[in-house]
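Two complexes come next, and they have one chain in common, chain A, joined by chain B in the first and chain C in the second.
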Partner chain A sequence: MLALQLLFNAIALGAAYALVALGFVLILNATSAVNFAQGDLVMVGGFGALAFGSLLGLPGIVLLVPLLVVMIGIGFLLAFVAYFPVRKRPPDTVFITTIAAGIIMSNGANAIFGPEPRATPSLVSSGDWQIGGLVVSYQSAAVIIVAAALIVGLHLLFTRTQIGRRLRATAQDRDVAASIGIPVNLMVAATFAVGAALAGAAGLLLSRNFFVSPTDGANYMLKAYIAVTLGGWGSIPGAVIGALIIAAFEVAFPALPALIPALAPYAEAFTQVWSTVVLYVLILLILWQRPQGLFGEAVRARP
Partner chain B sequence: MTMPATPTLSPSAVPVRQRPSPAMLVNGIIVVLLGLYLVWSGMAAGNYTLRVLSIAGIYALLAIGYQFIFGHAGALALSQGTFMGVGAYASGILAVNYGVPFDLALPISVGLPVLLALIVAAPVLRLETHYFALATLIISQVVLLIAIEWISFTGGANGIGGVPPIRIFSVTIPPGWPLLATVWGFVALGALLAWQIARGRLGQAWACVRTAPSAAAAIGLDASRLRLTAFLLSAAYAGFAGSLYVHALRVISPDVLSFPIIVSCLTIVVVGSRLRPVGALLGALLIILLPEWFRDLRDYYLLAYGCILLLVVVIAPAGLLGTLELLAGQLLPASPSPAPSPRPLEPLAVRGAAVKTSEAAAAPVLDVSRLCCSFGGVRAVDDVSLRVMAGEALGLIGPNGSGKTTLVNLVSGFYVPDSGRIALCGENITGRSSYRIARAGVARTFQTVALVEDMTALDNVSIARDVNRIGLGAALRVGLRDPVQTRAREEAAFLLEQMGAADAMMRPAGSLPYGVRRRVEIARALAVQPTLMLLDEPAAGLNETEQSDLAQRLRALLKQGTALLVIEHNMSFLAPLVDRMACLDAGRLIAEGTPQHVKSDARVLEAYLGTASELVPA
Partner chain C sequence: MNTVLDIEQIEVRYGGVTALRDVSLKVAPGQAVALLGANGAGKSTLLKTVIGLMRARTGDVRFDGRSIATLPPQRRARLGVGYCPEGRRTFPGLQVRENLMVACWEGRAERERRVEEMFSLFPALRQKADHLAWQLSGGQQQMLAIGRSLMGRPRLLLLDEPSLGLSPVLTDEVIGRIPAIKQTGTAILLAEQNAAKALAVCDHAYVLQTGKVVGAGPAGELARSADVRKAFLGG
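Presenting the complex of A and B:
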């Protein structure tokens, strides 16, 4: 039963992480650059939900709609501030401009909301179902449902709509896309908007249980970054899988002494912090053994 | 070959005192202004300002160090703050717990970050940009978490207080202007050393690896070793800065390991300059003083940080210093340095041991046997065998996409073959990395010319001389020229003169016309003193005069015993030059023999034209 509970918790957490990682990988594919502000967009989403919540007094799930609208706007803004002015420069320039954008967001949030961690409104209401020994909180169930709905919606957008096909074409090969008349710049800006919206939604989903504070960005960015590294650089399904792996690790690690009796005497070592350290060291080992990432990259550089 | 006896025409023979270049003038003026500002502050400012200025100096040192890995090696490392933190913790803990003063702790507070860099370098340095940034970020997070969790040793989140002030040779440096003077004294030394390194051969080798990586490998530069040098230098500077930092702040806390430190460091370098130490000084003073100037904005002043970083990246990609240098370059007349007097290259003593010469003389210079290389399902090179003897030229022809360039990439080690064997003078070199193959005596040019654009033609060639003698040693001889560099430049001048590019010598490679760039590239290949030279479409884009000129110079090379493998579509250039020709089609060798024989071979004609008819000479 513990294993089942852990699995449920891992999926609830992984679903939210997956949204962040999806936004990260979409922007990566469209620009071949890392968006270092992806984590700060999650934080902005959290504070956005907080602001809407105190303004409107509605449950979180309703706040999602205005929040997504605002995040789409922020995504466009990010593209115009941190991407378009430097799009003809080497990709690592975008690393730096998005780091700068992240600093602006986190210090902006700090100036407006203060440094203390805050909790966003719950998605529906507090409470839980008891199914056998399994505790399913409304919040976690709603997180899974909302995240799944967004992922399915995204999938439909990309596969069933004209704009989705254009977005995909732009990500695959900008020059070819431009040559057949797709407005690639608009598509890249739209990708930033989608990426920001996904991150913002994740901010709403995560900030009830984990709170939100202005310096949270780096942490979420790293998780998205690692998820995409694990899942295969540039792979969209891989990003979701990578996010689920990270969440599973984070949920399982502190529970290991309970699951494996032999580890029980060392229970003190299985804290959240050491779970992060172990995860990071594992990633380093993976990169050491497989410099191309776990599932490799498609491109081979020509001299 | 004799030394050209025209010293009177050589500019260097005329004892004209050289004017400083506009860029150097800008650097000099800024140094003087910053110096005056600091001296004035030291006399007039209050204790608080002096302290802030001291901290700015420490950041300047940190940033000068960061320029090695981020600027020179071009790798977005996010671990610089960690190296500083490790140095700070080492020095702080040694001082508080063991009473070791600042100066005696230095070997450890500098050595420990360098050791950490050395340990993580193996897995991390070969990663692509995006994984390198991730890996260094992860390392910094791990070190931060350890510093917070290992409370008994590091004091945890609260850190350790009561760190004594800096003590050097038993003299305690009090806060105020003595601290300011000490810190900035170290900054001056650090900047001087960095400047020596950057203008020397090490700096040029980094430029080559950063901006023309293929070319760097083709002349035998060991990119990973060069990157490692940069990484270790960064860590050493950071460790030193950290050690100053902890004794200036008098407390140690995990803040020194946190992300804002690396962000400040990155901002300083981007805003000031990625390559010039003076830019780091300028950037550090601006970035550290800025929050003080905008103090009235309270919480919003940190916003300004991000805005400035963003603005400078967008508007002034070369940084403030680089922009000023560009402006000065436009306003002031350029004053190219005098060209060195040419010195002919000494013939290679025997490459390798003397014992090998008897058999090596008999063995073909290049012996390729049954070479295969596929990309996905495409067999780019399919079971190719060929030989080139000393002093012989082999022409390689074939339609576009027939595998010619792939073959050259295989021989020069840029690709690893799936099967088959490549031997150089009887020695198996299959699977060796490209820089080692270059050092074994294989030089090459590229289909699209690969030069370091803002380095002079002379230095593009001189860097290829003595590639195994590039190191830190020369940088320590402050104020003196590196004798290896002086000699390499003289030899490069000779080679450029040989290739008929003497006039272009002192101009940046990026400003040269196409034909001259080709010749500079061939001069660079010659600087390797190759036994085998691989030329990928050397005549492309050259006019007829230039072509016959090039052919003449290549013939001279052949006379000296160099073996040539030339890819070319231009038959009127190729046929008279080469002894034999080989034709590739869809990765397979379909004909080999004298130019006349190959040109009229039915299969060759079919490969080119689809039907058997006379091949029209281009």
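Presenting the complex of A and C:
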């Protein structure tokens, strides 16, 4: 039963991480540039949810709608501030501009909301179902449902609509996309908007249980980066799987002494700090063995 | 002369390297024109300058009588210029059907009709409709790239070396579709190193050498001309 509970918790956490990683990988594919502001966009989403919550006094799931609208605007802004002015420069220039944008967001949040961690409104209401020994909180269930709905919606957007095909075509070959009539700059800016919206949604989903503070960006950024590295740089399904693996590890590690009696005497070693250390060591090991990540890259492996 | 494409004395450079100098060229509506020249002559550069991926430093590019020299590629495409790049460059992670659909700007019904049209023009694509483009053979990718460039019903199609890397049989199959494309009223500017095969399907031809036009005339005449035979047709 403990294992089942851990699995449920891991899926709830991983579903939110997956949104962050997806946004990151979509921008990566569209620009070949790393958006280091992705983590700070999660933080902005958390504070955005907080602000809308105190303004409107509605449950989080309703706040998602205005939050997504605002995040889409922020994504466009990010593209025009941190990407387009430097897009002809070497790709690492975008590292710097997006890091700068992230620092601006972080300090802006600090100035507006202060440094203390804050909790956002719950998605529906507090409470839980007890199923056997399993505790399913409304919050976690709603996180999974909202994240899954966003991922399915994204999949439908990209595969079933003309705009989705045009976003993909632009990411795959920008010059050719332009030569068949696609407004490529608009598509790239829209990709930033989608990436920011996904990060913002994750901020709303995570900041109830894990709070939000202005310096949270780096932590989420690192997790997105690792998820995409694990899943195969550029792979979209890989990003989701990578995010689930990271979440599973974070949830399982502190529980290992309870799961495996032989480890019980060393219980004090299974702390958050060691969890992070072990996570990074595992990632180094994996990348030594498989530099392409666990799941390669189907598209880029073209002949 | 009534022209669909009128290139007037353009000069194009890559940094300090001049790739085209003082090049003029005309294509009449519905005409197929071959652009011949060895590797490095400037054929690709010329087609890129027409679609807008390169800009001319001097001179003008007119489409249907209107200057398009300062428009971005997407505007030129929407005006009716189709471009099929060298090396095919299909969208690798899009299905065959999606590669076609993405290049169409009409509603769903018309889009489906045009996809069907492309499948009748290139029947080999129909069986592969749901495959990702990178899974296709070189010949199929070339057909797909041409089909994609026709989805907007262009008045002018720019075709860059469709025979590149294809077997003689496949080259014949691909170049053999040019008369059918011409019949729909689309004018064609075909860049080719394979002069004999290009001249066989074109009305008119230009010969480029190190960035300059060194010969032009009706395709039949060029095919018989001693110079062209010597330069491109193996004597």
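Convention: the second predicted complex is superposed on the first by the 287 of 303 C-alpha atoms of A that agree within 3 Å, B and C clash if a C-alpha of one lies under 4 Å from a C-alpha of the other, contacts with A are read in each partner's own complex, and residues count from 1 in each chain.
Throughout what follows, a contact is a pair of C-beta atoms (placed from the backbone, for glycine too) under 8 Å apart; a residue touches a chain by one contact, two chains touch by 3 or more.
Keep in mind the model is a prediction, meaning the values are calculated, not measured.
Of the two partner chains, neither chain B nor chain C is touched by A:151.
Of the two partner chains placed by the overlay, only chain C lies in contact with A:172; chain B stays clear of it.
Of the two partner chains, neither chain B nor chain C is touched by A:61. When the two complexes are overlaid on their common chain A, residue A:108 makes contact with chain B while staying clear of chain C. In the superposition on chain A, A:281 makes contact with chain B only, not with chain C.
When the two complexes are overlaid on their common chain A, residue A:222 makes contact with chain B while staying clear of chain C. The wider contact with chain A, measured as residues touched, comes from B rather than the other of chain B and chain C. When the two structures are aligned on the shared chain, A:184 is found in touch with chain C, with no touch to chain B.
Within the superposed three-chain model, A:81 lies in touch with chain B and out of touch with chain C [touch as defined at top].
Once both structures are placed on chain A, chain A residues 303 are touched by chain B and, in the other complex, by chain C. Looking at the complex, you find that chain C touches chain A at residues 51-53, 72-74, 77-78, 83, 85, 89, 91-94, 98, 101-103, 105, 132, 134, 148-149, 151-152.
Residues 162, 165-166, 168-169, 172-173, 175-184, 298-299, 302-303 of chain A touch chain C in their complex.
Per the touch definition, chain B reaches chain A in the complex via residues 76, 120, 122-124, 126-131, 133-135, 137-139, 141-142, 145-146, 148-149, 214, 217, 259, 263, 266, 270, 298-300, 302-303, 305-307, 309-310, 313-314, 317, 375, 409, 414, 446. On chain A, the positions that touch chain B within their shared complex are 34, 81-82, 85-86, 89, 91-93, 95-97, 99-104, 107-108, 110-111, 218, 222, 225-226, 229, 233, 273-274, 276-277, 280-281, 283-285, 287-288, 291, 293, 300, 303.
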